[in-house]
Structure formats: C-alpha cells, structure tokens
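You will see two complexes here that share chain A, one where it goes with chain B and one where it goes with chain C.
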Partner chain A sequence: MADSIFRKLRDGGEEGELAPALTIEETVVSPFALDVSCYLLANLSSSILAGKSKGLVLVTFSRSPSFYLQFLKQRGIVVSSSSKWIRVLDCYTDPLGWIDQPSTGVTEGPSLVKLNKCVSDLKRLFSSVIDAGREMVGDGKTRFSVAIDSVNELLRHSSMPLVSGLLTDLRSHAQVSSLFWSLNTDLHQEKVTNALEYISTMKANLEPFCPSPDGKRNALENLFLAHQDFGKGRFHVRFKLRKGRVRVMSEEYHVDQTGINLSPISSAESVIAATKSLIPKVHFNLQLSEKERVEKEKVVLPFEHQDHGKSTEIYDGRRTLADGKTEATPLSSGELQADVVSSGKGGEIIYFRDSDDEHPDSDEDPDDDLDI
Partner chain B sequence: MDRSVNLLDLALGLDEPSPLRGKVVLIEDCVETSGSFVLHQMMKRVLSPHSSDSLIFLAFARPFSHYDRVLRKLGCNLSTQKTNNRLVFVDMLMMKCSDNESGVAKLFREIQGTVGKLRSVTNSNITVMVDDMSLLEIAATNSNSDHVLDFLHYCHTLTSESNCSLVTLNHEDIYSSMERPAYLLQMVCLADIVIKAEPLASGLANDVHGQLTVVNKGMISSKSGKGSSRNKLQNFQFRIKENGIEYFYPGCSRN
Partner chain C sequence: MAAPNVRTSSFSRNISVVSSSPQIPGLKCGPNGTTFISTGIRDLDRILGGGYPLGSLVMVMEDPEAPHHMDLLRTFMSQGLVNNQPLLYASPSKDPRGFLGTLPNPGSSKEDKPTAPDLDQGESLRIAWQYRKYMENQKSSIDDYSNDFDMRKPLERQFLAGRPIDCVSLLDSSDLSVAEDHCATFLSKFPRLCIISFLFDGHLLLFKLVNSSNIASIGRIAIQSFCSPLCEYSDKESEMLSFIRLLKSMLMVSNAVAIVTFPPSMLSPSSSTRLQHMADTLLSIKAIPDGDKELEKLLTGYKDINGFLNVHKVARINTQVPVILEAKTFSMSLKKRRFLALECLNQAPVDGSSGTSYGTSGSCSGSSKSGALDF
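Up next, the complex of A and B:
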C-alpha cells in the first residue's frame, strides 16, 4: 500500500492536471511521520537514480540536511556535492536569521544545500524551490518532485492561507510532478488539518492501536498511556480519485531503529492487541491463560439457557396455579432429589419459598397485624 | 557507586555509550511533584568523574548556591567543575534579557558561542540544560511562547550540528487553558525523551514520593551501528532521600 503512494508520487500527475500531493498526518501518540517521509525519500531517490524519475527538491524544516543525507547514505544512496538529481533547501538551521553569517537570505549559486534564513517569506521560498528544481532539470518540460519534511514550522511562522497558497502554487507549477509534506494534527486546529486535506490528493495518517479520545487536551495523557503499543498502529491512506471517488487502504505499522515497517492487517491480532493495551500495566496477572480460558468456557452457569429444546422457565420463587398443576410432586423434594441424583445430570437448585402459600397479589396488608 | 545504574538510567539508556548525544530531553513536572531532582541527577551524571562531558546550565529558577548545595549532597562539587571548565553556569537571574525576539536570539548566540569554544577543546558530549522553560518564557520573551519555541528550535539545531544534548524542565500544570496545549505539545514533539514526574494516584505517601514515566521516542537512526532503545515507555516510582533517589517498580521491594 505504501508502494501505491510511492508510485503515484514517482509517476506524477498527467499533463494539465495539478501535481499529486500527499499529506502525512501524525499525532503526539504516533509521531512517526518522519519515518514515513524517510521511507518515501529513499524510494524516490532510488527511482531517480534508476532513471524512472528526474529530480527531487527536499525542503527541510524539522531536521538538518545532513540528517537526510546521512540517512540516504545508510540506505546505500550516496549524495555528493556534484549530485545533480537532488537539491536541499535548508530551512532548519537558521530559519529566522539569528545566526550572524554574511548572507543575503538564500545562498547564491548552484550547490547541493542552500540555506534559507527567512522562512516567513513564502514567495521567496516558492521561488527558491523552483530555482533549485530548475538547476537540476532545466527550464523545459522536465519535472521534479518536492518533499517538505514538515509544515508545522511553516504554520508557526505564516498563516494558514499563505501556507495553503504556497502548496497550491507548487502543485500548479508545470515542472512540479508531485509533492508531499507531513503535519502533526495535535499541534493545529482542525480547520488547518482540513484545509491541507482539501489540497491533497492523498492523505496518510498514523493511528496508534490505542486511539486517543477526542480533544487535543488528552493527547499528552494518551502519550503516557500508550504502554506497550507505542510504536505500533495502523497506517491508513485515503486516495482521492479524479472522478470523485475515494479509496481507503490500511496496513499495520511497526517502527524500529531502521524505520517504519508496514504489513497487512491481522484483524485478530489487532483486536487482541487493542484489548491488551487497555489492561493497566501492573505486576500481577489480570489476564487468563489459554488453558484457563478453555476451562472457563466449559463451565455451565446455573441459570444459563441450556437449549435442550424445552422453553426456558425462570423460577422466581413463587409457584403459580398453573405450576401447581404441571408440577405434580413439588413437595416431595426428597424423591425429586433422588431422581436428580440417579439421573446423574449434576446439581440442581430446588427452592421453596416460605411464602409459597400466599397468592402473589394478595389484598391483605402484611402489616395489618402490627399493633400500632 | 557512581557507576551503578538505576531505573532512570536504564530508561534513558545511560547504560549505553553516549546515549543522550544529539537528543532532546524534556522533563515535565507539576505542583504536587517537582521534577527538579531529575535535573539534579542528570547534572550529576554529566559531571561524573568517569566522564569528560561538559554542561552549560541556564539557571532561571535558582542561584548557583542552591545547585551547589544540592549537588554536594549527591557527591558532586559544582565549584570545582566550574574551575575545570566542565561547567558553564549562566545565571539568568542576574542577567537582563530584553523581552523580545532579539533577546532570545542573543541568548542563543551566546550559547552557540560557548558550545563552539567547548567543542574546540573537547570532543566529548556537551549538554545544555534549562531550568526552567516557563521562567525563560517570562524573563526572556515577555510571555511570548512563539519566541520560546523559536529558541528551542535553535537549541535543537545544536543537537544535530554540534552533537549536543538538550535537557529542559517545564511545568505542565501552568498551561491549563485551552489555548496553551499546543505550546506544551510542541515541546513534547520536539523531545526525543519525555520524563513526566507526577504524584501517585493514591495521593501522598511517606515511603513513595511519586512516579516517573519515561517515554523514549528516539527517532529513525541516521547513524549506522547500534541504536539506542526506541519507542519504549517505562513507569516506576521514586523516593527522595537525603543524598540520593531510590527508584523501584510498584509493589517491588526496594534495594
């Protein structure tokens, strides 16, 4: 399923259509959008080197460019200053121009990594992305992909409409073949998440096995309640098809040192996992073993419907007149008990109320005999 | 004794070499249970005679004498460490920081300069500690949380560019209004390790002073080789003694 996303990003959109765009949504409890981005980055890079795609502009806000270059190197993709298939726009190191460096704002000249010292100027950012892409593929019809590691910082420094405008402008540009970014939905209002979803053709979200209840106020509490399922969950992808249909696909994810691992959903395991995660973590056993579960299922409860073909009669302790006719020998309990014992059917509770002689709806006031 | 590893050390991965290098640690506490002891424990670890790590401490909450007194009881002499240039103590109570963006920018540049100087003489880990973020917000930014987050972002760049560690303490319960949860969550998202100090659900007790929950998120490893523990969550209780802290699992006998 993740391959479906990657293929759409690699192939890009058709001519005359806006570029496909992917939003990767994470939460405080499932903060693994970086892993998904790195997965897509590695695959896109491999496809570019294999000649199936042309170029990639990586805009970094949450991690340094060296982090991604080191990551790619670890995946066997070596990036050097002479690489012509990738450009990195560094909006991480000095986004507000605090560091004293002799720079006019964006590093001039062709280079692998360009520093951007004014992330709030989105027009300039847009131009920088396009210029970086054209450095790789030229001004013609050849297209390149754009990856933004996180829009959280963008949204801190610029308003939602401006950020939305930037992403739409990138999608609309003739030379941008595809675009993806990540967002932490707990950090923003719902309208921001919705606005970004509107301009996406694909939305991927990471849902932990222990879903949090509504309300961002509980996000922190849920992080500390995640227990053993932290790092696992479901990866949902929503594809918006051209005709208006929506296709949703889901997989299970598990995150480790190497990154995110995706696998088909195992429904039984996920239900059991979700159930297990609700049990508080204590140092004594609250669960049943398999043997105990089997023995428990064998126990016949005393008032359980036995389904022997007879209608169920629930004895409430009072015998009706009808019961008096049908039950021939209710008082001969000894004989009845003997029958029960000889038949070997097991225990039976026989109860005779003291007040059996009274009619249920007697008009007599039981307190009449009190001398008040 | 100093090399003994307790539950907090294990949760932080301190049994591995340089586990906090390049990482951000956030300590959250509340009125009922102060998390300062965690900060003191980490100070002691950083300035341990068995390591050559350095510490840059931004003190907004208390003067040097307070920390000196506390760490002495834990077996660490801060004055000696200052003399040895292993400790750079920045007393923000005495410093006046202008309450706008340029104030925090200047503060960051000073920290960056100090890191550069230390890095020129040692390749060991450099830890930047802030006690505490809420007071930084008041003193340096006039309660502008955006400036605080900008400052944190720039400190985060030190963890990747200069391979430093960043440890901050923040009070979770002073941001109770609906408008502020995102600010807390931003800090949680930035952190690789979150340590939450809170009281027991059953209330005060003589022999158990609270519980710690440590979430070690880690991140995808961009470096080859052994990786530290990732996506681990641990919960245990603690008791603050005169000259140390005892950590134990609920219901277990303490050593």
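Up next, the complex of A and C:
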C-alpha cells in the first residue's frame, strides 16, 4: 500500500490537472515522518535511476543535505556533483541569512546543492525550486518531483496563506509531476493541519499502537509497553479519488535501524468503521423494481370488479401465489403446510399460515359481509 | 339550522403552493409570502419545500475530500443563467471566468430525463372506482421554474453571451473590501420593499426604505470556498464573519439569493459555528469512503453514490414553524451518468440466511434471521 503512494507520486498527475500532493503527518508519539520521507525518497531515486521518472528537487529544512546524501549512499545510490537527476535546495544551513558569505553574486553553474538564504521570501523559494528543476530536465515537457522536508519550518517563517499559496503554485506548475511534504501536527493549530490536508490529494498519518486501556496496569508497566511499542504502529493513508470518494488504506509500520518497514495488517482487528456514524437513518427501499412492478400489475384487487360488472379471480390470501414473484416450494415438515417465499436474493421467508389449520368455512368468514 | 354544507369530502385539501408567478419565469410563490427560486436540482427543490426563498443566505459546508459542493454551485448558477437572472460569482482562483466553462446545460430531450413513475392517467394507479373522481392529475413540474441539468454537457453559448455575469477573484484580496463592494453594487439592483421602525429619542419613526411592490428581477450570488487557505484574509476570522453578516443584511432587503460554500475545518470551531448560525439554509457535503464493505452491505446503490448531502437547516421566513424533515441525509449520485439526483438512503435487502443483525440502523431488521415470521 505504501507502494500505491509511491506509484502515484512517481506517475504524477494528468495533463491539465494539478500535481498529486502527499502530506505525511507525524505526532510526538510517532515521530517517523522522516523515515517515511526517506523511504519515499529512496524509492523515487531508484525509479529515476531506472529511467522511469526524470528528476527530483529536494528542499531541506530540518536536516542538512549531507544527511540525505548519506542516506542515499547507504541505500546504494551514489550521488555525486555531476548527477543530473537530483538537486537539493539547502534551507537548513542558513535560512535567514545570518552568516555572511563573501561571494553571493557568483553562480558557478549547475551545482548539486544550492544554498537558500531567505526562507521567508516564498516567491524566491518558488522560483529557485523551478529553476533547479529546469536545470535538470530542461524547459520542455519533462517533469520533475519535488520533496519538501518539513513544512513546519516554512510555517515558522511565513503565514499559512502564503505557504499554501506556494504549495498550490508548485502543484499547478506544468513541470512539476508530484509533490510531497511532511508535517508534525502537534506543533500547529488544527486548522493549519486541515489547511494542508485541504490542498493535498493524499494524506498519510502514523498512529502508534495504543497501550491497552486496562486500568489495572501500573505506571511502570505502561511505560515499558510504551517504550516497546514506540517504533510500531499503523500507517493510514487517505486518497482523494476523482469522483469524490475517499480511499482509506492501512498498513502496519515498524521502525528500526535501517528505516521504516511497512507490512500489511497482521491482526484481525479491523479499522473502526466510521460507517455507523455516517448513516443516521436508513430507510427501506420503497421503490419497485421493474419485475416487481409487473407482478404488482397482475394482482387483481377486490374492489376493482365492482365497476366493471364482471367477477374476477380474487386472491384471498388462502391459496399460495402461483405465478411470478414467488416460487412456492412446500416444505414437508409434518402436517403443517409452509410456504417458502424466496425473494431472489437468497433470502427465505418461511411462513406458516395459521388459517391453514382450519377449513375455509364460510360461516366463520369475517369478511362475509363485504360485497365481494 | 344551517344549510347542509355541500362538500365533496370530509377532508379539505391544504393548498400551500399556488401556481407560479405570472410575471417572471423562474419564480414560485411559497407559503407565508415568500417567493422561491430553483436550486437547479429538482430533488433538492422538493426536499427544501420549493427551492431557495428570496432574500435568504444558503451556506454549504464543504468536505475537503470531495468536490461535490461545486456541483451544487454549478447547477445554481446554470439555473440562474437559464432563467436570465444576473449572476455574481466569487472564488479564490486566479481566473474565475474559467469556471463558467464547466457549467452544465439543461437536459435536452424527454428521453434523456429520468422518468419518475407518473400517476396521472389512472391506468397505472389503480384506485377504487368510487374514489376516482377525487383523483387529481399530477402535472409534471413546471418547466420554466427548474431544469434537470446534464452535468456532462457544457452550457450553451446563448445562455452565457450577453448575460450580466460578474466574476470576482478573492485570491489576492487581503481584506474583503473588494468582495463587499461587488456584492453591494450587485444587490443594489434588486431592491425590495422594506419597512424598518426606528426608535429615536423615545419617538417611533417609521422608515419606508424602498417602494417596489413588483419583483423586477432576481439576482444570484455564488461564493465558492469562502475560507480557503489560499486567500490572504483567511487568517482574519472576525473580518470574514462581518462580511457574511453584511451580506446577510443586504440580502434581507434584496430580491436575491446568495450561496456561500466554505470548508468548516479551516476555521476555529467557534467561528465555524457562528457562520453556520448565520445561514438561513445550511447544507453540508460528506465524502463517501471507497470500497467499504460495510457500507456496501448497508446501502443500496452504493456503487453509484458519489457522496452524501446533509440538510441541517431549511430557511423559514415570516414564520416560526420549523421544518422537520423526514430524512436529513441524502445520497448524491448521477443518474445515467448525467443527471444529479438526491435520494434518501435506502437499506440494502437484508440477506436472511446469513443471520447478521443490524443493531444500529434503527429499522426493524431484527427478523433477518431465518425462521418463522411472526405477525
């Protein structure tokens, strides 16, 4: 299932649509967004090297570029300064331009890591991302992906509307094929998280295994369990589909030295269905299907014949229905006659008529006084 | 002794809807002196009791995961254009005019339209002979009031060209003054009779604001994604609230209807609740999870449903009597992939042999277990 995210990111969006965007959310109790980003990064890099996608621009905020290059090297992907498929925008080393650099006006041609000194100027950041991408793939139709290390840092320096404007501008740029970023939701108000989810098409979040809510455990045991369960939990993804539906997928994750491992859910407990809360009141379907309508036409009602002046066969509930809707298969269960009405969907109604016990005696007929 | 009353039946029919106003197409008289305009979706007109009343503010709460509020806006705007009603459209995109290209066209021929079972001729509805004389012909809905829109066909040029359509982009406005100006100038074209009594220095002064007893023309305002995080004013919640308050007060003295969609999760809970309170009609959209086995078992037609529409509040003007709806949640689907339909949620036929029981649906499905049905 994490593969499906990766595939969506690798394939990018369609012509004329905004690029797919992924938000990876982490919390204090499950701070593994970095591992997820690195996992996606490694996959994207290998697919670029395999020739399936074109380029990647990595904007680093919370870790230095050398961390990522080291990580890729560990995965067997060597990045040298002559690599044409990746560019790193370094917003980690000196985001606010505090360190004086003597040569600011000289650009040495295409280089792997570019220093960005003014993080709060988002327009400049946008143009440097696009320029870095264009350096790799040229100006034509080839597209590149963009990975933003952590949006928390961006939000520290700029307001929400500007950040969402930047992300949406990136998404709507013709040459950006996909985009992903990570966010620690505990550092911001809920509406910030909601705003970022609003502009993204996929949302991934990490949910730790909760310790058992057994009140009898003492605090030490809880601590031990929490420590043990620290690297494990559930990885949920919500995809926004085009028709307006939402696909929810889950996997289990397990973090260790090498990174994050994702596996399908092992235990039988299913995700709590939100369906019960969604449907407050469901009615019975009172519409008739075509078949049922035809059958309904066939039934002769008792009052109809009064006007026509002819007597018709009347269904009085005593005989089994012979035609169409029902297939009467009498069960031989002792002396009682039972009607089994099958509704065509596999369900059965087994009905034992009380009136079958008695003979249809006209003296006792309560409907005798009706003019039928 | 009174003369015997000649009555045809002991029940008197409660006529609440009079025939449509002869002056202007696209209007329908409603109870309590209100006038309705069509929402653009026939099912929604029926659910709301006629349509949107003039002078009301409709708010739609979006779900960030589903785009169905756009369909509500599209049908609203198309209906206005088909009925030749001026339109003001504001959205947080750079080019709002582009949205006009996605408006749907009215469904063309009779065969295309989904046919409801008709009850008029007496052949298909079989009633007892002595009651036939009370049978009233159910006319098909008046064609110039509302249309069925074909969501796949774009609106024809004749409806777009030469119509007064004003498009405003909310993207770059740091405060809402641009939007306020546009709304004020737009609404000043549709004034309505209004008397305000004013207490001044202990004396009661009566002001008759505008004197227009005939409805000259109707306006429609559509504001999309009002609290979108892309707009610069989205941080300023009190400004947004006062804009909506201003809009609502201008609407009360105009012959217009405004529909505003907003994502409630973009606001703080208190601001979201305040915005919801300001609405006369409140609807909300909810996305449906895909591939959900539980829902598939629970609902018929799950595969066709695109999302849910909840009706929280229905506008009641000039009356204190609230509307109690039979159902508040409706499924949005496309009939024949073209026509928007809103239907009550229907429970799927329960599979008797499997023996599952639905405890929470609130319907009598406990008899799903196979066995004798006790009557």
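In the analysis below, the second predicted complex is superposed on the first by the 245 of 372 C-alpha atoms of A that agree within 3 Å, B and C clash if a C-alpha of one lies under 4 Å from a C-alpha of the other, contacts with A are read in each partner's own complex, and residues count from 1 in each chain.
Simple rule for what comes next: contacts are C-beta pairs under 8 Å (C-beta built on N, C-alpha and C of every residue); 3 or more make two chains touch, one makes a residue touch a chain.
None of the values given here were measured: they were computed from a predicted structure.
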Just checking: does A:186 make contact with chain B only, chain C only, both, or neither of them? Give me first, second, both or neither. first
First, second, both or neither for A:98, with chain B first and chain C second: first
Contacts for A:34 in the overlay, against chain B (first) and chain C (second): which applies, first, second, both or neither? first
A:63 contacts which: chain B (first), chain C (second), both, neither? first
By the touch definition at the top of the document, which applies to A:289: first (chain B), second (chain C), both, or neither? neither
Which superposed partner A:80 touches (first chain B, second chain C, both, neither): neither
Classify the contacts of A:247 with the two partner chains as first (chain B alone), second (chain C alone), both, or neither. second
Where on chain A do the contacts from chain B and from chain C line up? 281-284
Residue positions on chain A within touch of chain B in the complex are 28, 31, 34-35, 38, 63-64, 66-68, 70-71, 74, 92-96, 98-100, 152-153, 156, 184, 186-188, 216-217, 219-220, 223-224, 226-228, 230-231, 255-260, 281-284
In the complex with chain C, residue positions of chain A that touch it: 159-161, 164-165, 168, 190-191, 194-195, 197-199, 238, 240-241, 243-248, 273-276, 278-287, 301, 303-304, 306-307, 343, 345-352
So in the complex, which bits of chain C are touching chain A? 64-68, 126, 128-129, 228-232, 234-235, 263, 265-268, 286-292, 294-295, 298-300, 306-308, 327-329, 344-347, 349-353, 360-363, 368, 370-373
Spell out the part of chain B that touches chain A in their complex, as residue ranges. 101, 105, 108-109, 112, 146, 149-150, 153-154, 157, 160-161, 172, 178, 181-182, 184-186, 188-189, 194, 196, 213, 215, 217-224, 227, 230-233, 235, 249-252
